[in-house]
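Common to both upcoming complexes is subunit A, partnered first by subunit B, then by subunit C.
Take a look at the complex of A and B:
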């Protein structure tokens, strides 16, 4: 019983990180209709932003946190404005944009490597302590913070998308860009906001990883694959579905390694990705809210 | 009111409209009919900046509106109900109407206008909080009309509004369009259903190969040999 609970807790924690990555990715994808795989690099860069502000410049942790979130959001906007937008203005196809996104991912990872080296970094904000016992399972304070932060972000995102004018405009652009333009919505501005908010969420994921684990220059690639897989499992055309899919992925990975060696953890997500792409590309709930 | 002069327009270097001249007067319904590919929708898309204009002028109330951005056109009182999907299915009925009213800053005014739309189309009030994709085809078209009317337009551009509707719903839709005209709104309607459109309109233009081939009132157009043979199957 305690083993199952422990596995479930681990799955939810991993799922929270994946969900933050996938929600940002899905938000950007739905508004702009192309795959921004460089989102993974934004996540890694935000980890290094935090490392830079907190461990190198020695700023107060909460200033470091705030600056990291702001810089992460701005990095996303910058990528959109200086790379994707000029390509879109030249009528670049989605394949070109996809190649550009992978190039940015590699470029940013190499920039991190150049500036910080290949070694694993630890921001050493949290002292390693014994976690809290919960029906035989153990959870650390940092892990509780990760779970709560993710939930808070998703509640914020839900209200933002459903109750604010900007959120409704984003949903409208996601669904039908031409119709949105007919009702007077400036879809380029909406794209700006989607990159800002999506990268902000990615930045939050980067921070949580930096606080709980270590950061490495290439961590963005695997996180992007996990976030993408989560989005595909839930349904890439809906942000809540992508979040749900990411939690399911986190649980599947952790329950999977109860029966398989832990080295197969990544393999589980790849297998799930292939299975969903082959047999249910619209995801578990992604296809249910289609228009007639 | 709306005056299109010698309009040349198209897409990706292909000229679809080859010098169109067209007028829509105040409180007038004007129909634009013609075969597929004649450029009917391109006329409306040109007004709304969705086609590449290579020559000519578009005046609305004596102001050149060529190249105006969508929100500027909406402020001028020009509203467009596009072909096909006219609503946001994943937004509720109310959210769709709110989007239509997005240029109105006064929240009370928005509420008033939504109430007025609910009064006009009561089904929308009943389905207010439902996602629009759950509405029937006819109800979706009503919602599209409601969304367009909420801006209190001076002219409504309708692109194939009856597309995909059953004959019964088409009849209801055309009755609604007549009522809209009575409210003082001019209408430029592009329709595949030539007979219905001609009967509805005060004047009709026949568009062929990007040029106006014929123009006249309903009676004249319906009796015209060319229309009878080509568009009404010679049986009217």
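Take a look at the complex of A and C:
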């Protein structure tokens, strides 16, 4: 019983981080209709922003947090403006944008490697305290913070998308770009905001990873695959579905390694990704079939 | 001193030539953005290395490497039959991840992250290839035959059908052509050549591990093919020379290797982004990448 609870807790913690990565990715995808695969690398870069501000420049933790979130959002916008927008202006197809985004992923990943070296960085913000016992399962304070932060972000995101004008416009653009522009919504501006907000969410994911685990230059690729897999499982055409799919992925991975050797953790999500793309590309909840 | 190094560079060029030309067959001629190509390269390398170490003569391990990679190429095309564009690309990338994690985790067969050391140089019936110069001659032979065959394929009726499929798949189907079969055949042939280049790689370097067949290698071969120009064999050949020579020259920069490694990747990525933005038909391509 306590084992099951422990596995479920681990799954939800992993799921929270995947869901933060996935929500930003899915928001950008739905507004712009292409795969911003470099999103994972910008999550990794955020972890290093935090490391830079906190451990190198030695700002206090809350300044470091805020600056990291701002810089992450701006990095997203910058990538959009410098690379994707010119490509879109010359009517590049999704395939080209995908190749470009993979190149950006590799570019950012290696820039981190160049600047910070290959070794694992650890941000010693919270000294590792003994975990709390909870019906026989152990959970640390940081992990509780992660669970709550993620939920808090999703509640904010929900209100933002459903109650604010900007959020509603954003949903209008993702539903039907032409119609949205007919009623006077500037879709360029909405794209800007989607990159800002999506990368902001990615920044939050980067911070949580940096605080709970440690950061490595190449973690962007694997995070992107996890976030993308979560989005595909839930249904890529909706942000809440992507979030749900990511939690499911976190649980599936952690329950999977109860039966399989722990090295197969990543393999579980690779296989799920491949199977879903082949047999149910619209995801569990997604209604619209989009295979083209 | 310079001469052995020159041979080394030429051997690398030969291996990547076959790999690039085989990717161009699926990406350029058939319009299938196969991001799983690195996995096929890896399947070839592992198949050949493992068979050869377990006593299978090189000629067979080499051919089986090609056939198995070709078979996986066919499977990939078969499984992803109805997917198009970026969805096809991502499914094939997903395939590459699956293969990567299998290479990493099937430790009883592949030794996982430790990789496979001590892969010997080929012995072809009586002819034992001991030094790099003989290897180069053997490689040049394989390279010549491969490019000759692929050139023959792309200039045949079959090649024209591929171009037609790339430009207008529905149109071709209306004319009664079975485009699925075209894709299966293309992916088999493309996989076959990726597989034999994997075998040539493994037996030259003598050591393989899963990381050689992952996403950074993918960016290298995409850079070569897209820089050269899609649907242009001359382009791929030129670009292989340019990219491999340049990346080898970077070795002589007065920088520590911890910088040169990532530096190379950064250069590939930037080159790729610049071509996509400013010259999507590459150096010698006749059509834009779409």
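FYI, the second predicted complex is superposed on the first by the 287 of 292 C-alpha atoms of A that agree within 3 Å, B and C clash if a C-alpha of one lies under 4 Å from a C-alpha of the other, contacts with A are read in each partner's own complex, and residues count from 1 in each chain.
Keep this in mind: a residue touches a chain if its C-beta (ideal position, glycine included) is under 8 Å from a C-beta of that chain, and two chains touch if they have at least 3 such contacts.
For clarity, every value in this text was computed on a predicted model and none was experimentally measured.
By the touch criterion defined above, A:163 reaches neither subunit B nor subunit C.
More subunit A residues lie in contact with C than with the other chain of the pair subunit B and subunit C. Of the two partner chains, neither subunit B nor subunit C is touched by A:58. With both structures placed on the common chain, the touch criterion links A:270 to subunit C but leaves subunit B unconnected. Shared contact residues of subunit A, touching subunit B in one structure and subunit C in the other: 290-292. Interface residues of subunit A, counted against subunit C in their complex, comprise 34-35, 83, 86-87, 90, 92-100, 102-107, 109-111, 113-114, 117-118, 221, 225, 228, 261, 263-264, 266-267, 270-271, 273-274, 277-278, 281, 290-292.
Looking at the complex, you find that subunit B touches subunit A at residues 48, 50, 70-71, 74, 80, 82, 85-91, 95, 98-100, 102-103, 131-133, 137, 140, 147.
Within the complex formed with subunit A, the subunit C residues making contact are 33, 35, 79-80, 82-87, 89-91, 94-95, 97-98, 100-102, 104-105, 107, 112, 215-216, 218-219, 222, 226, 258-259, 261-263, 265-266, 268-270, 272-273, 276-277, 280, 289-290. Only residues 165, 168-169, 171-172, 174-176, 178-186, 289-292 of subunit A touch subunit B when the two sit together in their complex.
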